[in-house]
């Protein structure tokens, strides 16, 4: 990566984006039509308008969009000179990935008679796919060009759709909040990519790789947005009614436990007990990652609470001890610490789900057993995992459900790590406008940043007041 | 404008506001009462409380308020020393305009037996009127005093209410998201005002007229808020059910196409392909402006997508080529580029509506034809536009609907441009505390800004750390 | 307080928090179970999932969380070097207090057969309790350690729960938006604490006690969040239907009147009519504090409007004249001016409620009289306040309701002031890591703030550009 290519986006970024928009437009024109909830012509005259699917989805959908574009955008804007890139590239990548997922998922999940049927629900599931890419990008933030990020999305989205199908439809693993299919997958895909893109020149850090006072503050505000709306993200795909209520309740409990545990642990591990903002920005959300796998299960309030404590502990220990180890020994650069926030808590959540399935008796679910575990108890006899792997109809015992969850977790880690690594190799192709080491983490490389006539952008804030200072000098 | 008046708000601003609040209070006390949804005494005992109108409006209403006060406020805060004014004056103007619209619309639309009936729905429609003023103000941001802005609101709101009645009730033009009635009107009203307020002294720019790093970032975050909640704004006045669902779906699609097209176009037009933040802050929203006129029509997902592409293209080309042309040749200063974001996409959306009405067959609407086009097909015979202009009951063919849309667009441009120009002349009256050229775009003129004992506000952020710097000097 | 203790949080903060989390976990495991809305096993098979309580609460709950963590966090971040502490400590204290209130309220209100039943509703009411602590903390912001704030929460929450029971259940005072039980209580509790924690060394101010340009702007954005979502806070506990609609309508009207009145009054009182940001950040919300006591009553739109005008007037006059008086004569330091925003408007609202009860005839409520005033008119004969104090079943006339409201207000002020003072004495215990006078209002005391290699955090924003400046020097 020490060879220096042109970093100009001109021609390359417009060509890629215009081509992509043209292709999406053609696909939409040829294959995409309204679904039953948006099609005017097929509405029964006596339909109750307030029963339209949009009302069950839209408020939570807006919450999730706010999380992604404002919350995640600000959270990523923690470096002193990379805030604009963080917010803008996050926005670019979110839209690109959602559109691409709309197309891929459209043909895989929503096709019928050669037409893809479109409503707000499709955009919601496509945004889940997009989240995967946004998380993965955290591993390589600041060391890649927008073009590389878009290429990563092109590779990752189809793999995500395939892997999710394998986990949820084939193995029938339960994962309402996307812990296994989304967070774990995104984390190891991003790490795989990062391994391939390893830069020895950044091994010892980079002067721009630190926060400023204001970027740290804005990043913390980003965490607040994510923290507040996280329950919407976890609950949106749960069954309406008590299941969705449980998902909201569990998510709040686990997030709150994560919040207090993060303050406690950070103070314990840092010199003079000073709270580390990086810990607070990330570990307070760890419970939210973990809870996804068990959000609608009957894990009891105490269970959700405990999960939040353990997840944030793991997250902070990861930042303190594992990240430096990985960086120096495994040559794995993880810019935003996604392994600490998405990898470790994700695995903890998946294992927690297995434990919950094995420990909680069926009676605790009452009439909701089949709602939470669609394939549980449908068949009176036991079917082995091998049979299920062979494609037979699965069902039966809690043990088998637990095995399927474990299989799902394994598949997620394996597929994403390998897929991410090969994607990383693709991203090493020349002509992708990758930044040279010395101008990584710098907004000015791809954005027209206002160069002040004075010497600092800080002075721009109240430039007039600074004239005397210059005169003195 | 080179004559220098006093810029003190003292006496003048309090007098205007206290007078206004007193008048509103008296009007409320004498004429305003609860509507059927808020009046306790008239509730039938067996009414279903969850069917109250508040539940259909309130969530979207909150979204729209967040767009206006946080999203638009931050978006306007893009200049290095004018962020406080942008957020605060936007807040002041929003409240003043909404209250004034509540009164005007109250007597025009919600009066009955000499009493105005008030519920949340009134506030919602009044906020639509207020948006008009907030957009118009973008043309003259930083070059006017708060008093001038309030006077503009006093003139613009009644004209908006009249013009909207003309377009929607008289011409029966369809415009669920306010493209014609709101965005186009607001744009040309603002431009008319700006022409009248032309300042040759600012022709060559002003040192404070540029962003700082942090103001650019905050402005981009403002765009994120607007982008996320834009579907709420477009859909809130659509019919419940599939029409509202279509409005949400179309708005998301068009916004997403605008987002990617903006990145592509900006990179194509700028030196070294560097992305221009001004383009991203504005053009990513262009599709949202255009979609309003067609949001609930059956334009197909591809149609919505195409509209987003074309709108953002037009918006960026406007910023790049048209704004400089207007500024130098037409002597039209458009501070925030509202012609690029609201004028051009608004006209594109209105024309798109005409095309859609002419091309989409009635069958595509099935039972919803009369819901989307209230006067379509109600009469079996054709009525000419002249007849409709003469006040006769209109109805009939798609061609006529298209003509009415065109008439609405024309009326909106004409009325607003002329009204805006005369309003601008009013704003040139002396004693309105207008800023002299040299202190335009400066928060310190009307706000008590913390003067730091050190030399820069940037130093204030961590003043303690700066002491050594001063000692050295 | 001039004695200097260790300010290290190490050991003390982790010990307190881990102990607390452990205790909560044990209590949850032993005593807490699902309520009827979250329990899977007890769901009737034919239950309508869309009727689950979560749908009536969740959207408003999210609004309130956003108010607390983003809105209040940013509002408190107005000091130049204390923004991180404001946002982070607010977050810490909110979670700690909500969990603690969940436990206390659980046993008091939601226990049954030795088990506490938990759903989202519990978290909502616990967050109301937490708001009390967050408001009280405003009086001593920057002069206390996180440990002191947590100790305050430990004392304040049980007192709040007891006092609220006394006011609402015993005196049957009506207070749907928490004006008396929450705002007034929180204010005088905070002031009581502040009196006990008086620091003569800070009498003449502190160099870090001022805003910077950017902190002032962010604080104003915080106000916008609070302003936008305030109606959710006031209305969430009102009866569904027209009562909730009235609460939303009244709150919007009163807030809007407060907004314009604040601009007018601030300009009137300041030199050259320059608007004071502190006034705008606070007084624009004053009406929201006052309206809580009367939000669902039939006070007419004009009544709500008038309340907003009076409240914001009182708030600004408080900032201008009362705060300096209290600080110099009563030795009462009120960092964020909570007496102006919560105390004065709270009392005005409570008195307004009494006036409304006495003036509005019962007919105006029609069938909703008992919904708004649960104990009104249930008994045909009059019962004196003494009888009610003696524990007899209350009911009857408007006069009695008014007396009960007055009793509630008196109890709230008295209990909170005394309770706060004694809590303040507890907080003076040594070993609570309280900051010495000279490092008050400084993030760097408890947080690991990025020390820049250059001299100012402002330089960090675009450090590269500053190198020339240093070279010159």
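By letter and in written order, the chains are A, B and C; residue numbering begins at 1 in each of them.
Here is the rule we go by: a contact is a pair of C-beta atoms (placed from the backbone, for glycine too) under 8 Å apart; a residue touches a chain by one contact, two chains touch by 3 or more.
Because the structure is a prediction, the values reported are computed rather than measured.
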Original post:
Nearest 5 degrees, what's the C-alpha rotation angle taking chain A to chain B?
Top reply: 120
Original post:
Copies chain A and chain C touch; is their interface built from the same residue numbers (over half shared) or different ones?
Top reply: different
Original post:
Taking each chain's centre as the mean of its CA atoms, how far is chain A from chain C in angstrom?
Top reply: 34
Subject >> Sequence positions of chain C contacting 2 or more other chains >> reply: 59, 213-214, 452, 456-459, 461-462, 473
**OP:** Within their complex, state which residues of chain B touch chain C.
**Re:** 8-14, 17-18, 20-21, 24-25, 28-29, 32-34, 37-45, 47, 49-50, 52-54, 58-59, 62, 65-66, 69-70, 73-74, 77, 83-84, 87-88, 91-92, 95-96, 98-99, 118-120, 123, 146, 213-214, 218, 443, 446-450, 452-453, 456-466, 468-469, 472-473
**OP:** In the complex, go through chain B and note every residue touching chain A.
**Re:** 56, 59, 63, 80-81, 207-208, 210-217, 220-221, 224-225, 227-229, 231-232, 239-246, 248-249, 252, 256-257, 259-261, 263-265, 267-268, 270-277, 280, 284, 298, 300-302, 305-306, 309, 363-368, 372, 442, 449, 451-452, 455-459, 461-462, 473
